[in-house]
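Chain nomenclature is as follows: A, B and C, assigned in order of appearance, with residue numbering initiated at 1 for each chain independently.
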Amino acid sequence: MTNSKKIRLLRLGQSVGVLIGLLVLAVILSILTPLFLTIDNLLNVALQSATYILVATGMTFVVVTGGIDLSVGSIAALAGVVMALAMKAGVNPGISVFLGLIVGIVCGLLNGLLVAKANLPPFIVTLATMSVIRGLALILTGGIPIYGFPAAFRWLGTGRVGVIPVAALISLLIAALGGLIFKKTRIGHYATAIGDNEEATRLCGINVSKYKALVYVISGLTAAMAAVIITGRLNTAEPLAGYMIEMDAVAAVVMGGTSLAGGKGSILGTTLGALLMGVMRNGLNLMSVQSNYQQLAMGAIILIAVLLDKIRGKSRA
Amino acid sequence: MSDYILEAVEISKSFPGVQALDGACLRIRTGEVHALLGENGAGKSTLIKILFGVYQGDSGKLIVKDREFGAMMPKLAYELGMAMIPQERTLVGHMTVGENLVLGREPRGRWGALDRNAIFRMADDCLQKYEIDLDSRVTANSLGAGAQQLVELVRALMCNARVIFMDEPTSGLTEGETQILFGIIERLKKQGVAIVYITHRLEEVFRLTDRVTVLRDGKTVANLNTSETTSAELVQLMAGKAVSEEKACSVPPGEEVLLRVTGLNRGSKVKDISLTVRKGEIVGLAGLLGSGRSELLKCIFGSDQIDSGKIEVRGKEYLIRSPKNAIAAGIGFLPENRRREGLCLKMTATDNIVLAIPEKVFQYGVTNKKRRTKIAGNSARDVDFSPNYMDVECGTLSGGNQQKALLARWLSRNSDVLMLDEPTNGIDVNTKSEIHNLIRQLAAKGKGILIVSSDFPELLGLCHHIIVLRDGRITMDISNSELTESELLGYAAGQHMGA
Amino acid sequence: MTKRVVFIVCLLSLVIASVYGAAAAPSAFKKAQADIIGKMGEIPKPSRAYRIGALEITLANPFWVTMKDGYVAAAKDFGFKVDVLAAPSESDTAGQLNFLETMVDKKYDALCVSPITPFNLIPGVEKATRKNVPVICVGTWLDEEAAKEAGAKVAALYSSDFEGQGYLGAKYIVDQLKKVGGGKVAIIEGLPGASQGEARKAGALKAFKESSAIKVVSTQPGNWDRNTALNITTNLIQAHPDLKGIFCANDTMALAAVEALKAVGKKAQVIVVGVDYIPEANASMKAKELDASVAQSPYLFGYVGAVAALKSLENSPLPKGISIPIALVSQSNLDQYNDWK
């Protein structure tokens, strides 16, 4: 096998690792409980993973620059609240969704400018905006959830195309689009380069600030998309929605092989990572494992995945 | 009791896909200065890591102070009196010299608190013992590179090191600091401390060392007394083949001025610099450490902002406020630290090469691997970069290949002017020569080249004319016809001022 | 001979002691349990092996753990199987919905649910309705209108009068403060939007408003969280140093309020009342710290809920309008409620 073919296989190895893990887990679960491998349940898994896939896709762009976005949960909440208020005021659902997406973009822009122009560390910036944005959502609603939206809107969260949940389709579509953008366009390439070596990238004449800010806009946008699904499914816009979803998103990103230090990433890996976590959660539910133990199990899975990845990385070097 | 304080006998080590060491041997006598030579990839650092217990060898044994070990642990190596002074500094910048010297073994006062007076007393005693003129109360950051290295050396000595490994110790040092270092090494010899001296600078080998070990392809190919060998022989042993002597550049430059810089100023680092680079010309920037050469290049490239001055490329004036402007004007730049500022180490060579030419790589905002490979491949061929390495992560490439990849980047950009900052730093003799030839070829093709180097033979071997910088100003601008190395050194150090 | 005498004496004393113990304090719980089971009507024998699923709000709070005991006891008493699960956290509405949808797929014969908010489980209940699985609401309920609109059917709802709980607890404070001519009081609410929290707050406000001598200076959401309530109380007593009473929508928050007051030495000045009567509350009242707690019977919630599920499966009529009993437990009548659960 030629050297370059060998190398190409090794790089595919990143995503293959998660895929194998996912398949192994699926096999184990189908043995442990006959309920896992039913069409109904698998569709359930796809539906329940949808929001995580969306948020994690956007998060991948941020993490690959060496940053992190802790505010995605809050952005989802605020976007959901704005959409809800608009629909309650009689605005057409399509436009309301559009407004929600704008909220995601604006919040992302805020994060992006603070990180790229003011040069503040992403962890601190998004930790702060996490509270600010969540606070806005609480203020706008007075703390009380908003209930009851038009059928056309709810269809996005609960509808089905045939048997397949619309939400699952949307999430996979966005993931696929995200993957293409990541691999084939400037933002994907430059975000990766910036995470790898920001100074070298700058010395190649690339506008580093622009791309550093742009990834947070992408993250905010996907968070707003997740809000559409969360709100549609629950038929409620809660100011506390999406609480801690950023942790699950980062976990999916890391499990998918993207390094938190930046410079290497894969949307495919992230999607598989999110699915793996969804399958795990679903499996634990099916086996009636108590919530407290579920927390333990989820954390353990993530640790194991990250350790395995480290070992794999070492032997490659 | 044997003559040898440290012996590595028949050490072998393999990693997946590569045999790093194959029965390598190294024997160090007490109180000698022993050079360890070898090209990049010959196995030097693997051998040292095994000696210090960072890796475990597959086979072979280590003998330290007449005790045999199958494997080593870092703590044990330290206790046995082995110390390592790496190429990059490892001091804690904001702590004082004294605190750095006793780091980890701080003297405690009553109730376990640190006894600051004792710290400085211990430090001063040691500095005096080795006749080193440093104030133990200044912070490490305030010292120059040479002084910092002396601090690391003293720290090793305070731990009763009997064998000290020094990796490229004179890189980054001024001439004065180098002399001080050599003096200390002589003194240590007299006190029975052995030094293993790892370097690419052969003139230092002949100046300092008693014996030489040469590694090639993981094997020890020679173990000689320094007095019984020559530079040419050593080079041949390292490379495995004879390397021809380099000839000075013979193709004369053209008439057209590619780069003209007038009255460039930036703070106290760059003062009123004016220079020109013609088509096909190689201009060298010489000077001691801190003379402002790298700062000058960064100003021309737009990486740092200038206070005043004019930059013209091909007769047209450009306002250069960022690298983007400089690149658009046709200037390319190879920074001094290729790992930290030049390459994206996790990306492939292909992607690194095309990083500066988005217009060719992205069509309607989209790119594909085939296009990138094709564009990169063309430039890679021009610099003799092996196609086998195109898809390899740049972090794993050797220094020489990394530098070639960087050159390819600016070639695919078709930059008219190339600015190279220490292009052969840390590169073995063979590849160095390759890169020199590449530079000559590029000049012959009509590029204008501005090269900063601390390696005087390199400048003398390559450049059409040489500009000497001192404290941010140009002191000499001479054509390289009959210049000798000592003359050049003299200009750089500030002698013959106004000549 | 002597051995036998000693043995008989011991046995006799044991009998006397137990009789005495039993007669010493009447068990309010036993009375309440017998009462409500009577109201449930005939309880049929299961015609086959039933599996019933119960979805609570959380198992990290003793209240809900006791409810689980009730489900399990009923299953044992009447011969069916029950699985009791809970959402990942008290505020994870989407998580609870996910659990419910998975439970429907697990093909339980009937489901007992306690939704976190009136709306979050509606899609799941609709799914159950579609698959002809009867659903009983226990403790908290679904919003009627929204459920009807979505096609989510609930066979029955068994809950307590939450507003009554709030009223009862706050009334205790009002009565106690009558002796000193009234004063300032505050309310620490539950999770905004959660049904039982909102109802208790409404009931408490009603009781407080009945007395002109009582002034409500603040009502804030404690989110059922100990830490939040601790901080709120610390700030309250700072802002109103002459505060006389705090009604908390549950015991975990009330106990935190007690700690906060103890820390500044003002516990004696402020009456603190909680809701749920968890074992920790009992201990605190024994130690003369917490003043009172409104007991509802989580055990009976679960017990009755499971019984109702069985009845619905056997097509036995489900009585409507039954309320799980509540009572005010204070430091004075503590011994009647020692076995309350």
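Everything below uses one rule, namely that contacts are C-beta pairs under 8 Å (C-beta built on N, C-alpha and C of every residue); 3 or more make two chains touch, one makes a residue touch a chain.
Just so we're clear, the structure is a prediction, and the values are computed from it rather than from any experiment.
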item	value
Distance-to-centre winner among chains (Cα means, whole assembly as reference)	A
From subunit B, the most remote chain by mean C-alpha position	C
Euclidean distance of C-alpha centroids - subunit A vs subunit B, Å	43
Mean-CA-position distance for subunit C and subunit B (Å)	74
Averaged-CA centre spacing for the pair subunit C and subunit A, given as whole angstrom	38
Subunit C: positions in contact with at least two other chains	none
Residue numbers on subunit C that touch subunit A, as the complex places them	58-60, 83, 85-89, 91-94, 97-99, 101-103, 105-107, 117-120, 122-123, 143, 146, 150, 192-193, 221
Of subunit A, residues touching subunit B in the complex	2-4, 7-8, 184-186, 189, 192-193, 196-197, 199-207, 263-264, 315, 317
Touch list for subunit B against partner subunit A, complex	16, 301, 303, 322-324, 326-328, 333, 335, 340-347, 351, 355-356, 358, 362, 365-368, 387-392, 396, 409
Subunit A residues within the subunit C interface of the complex	35, 38, 40-41, 44, 48, 51, 142-145, 147-148, 158, 230, 233-236, 238, 240-241, 243, 281-282, 285-286, 288, 290-292, 294-295
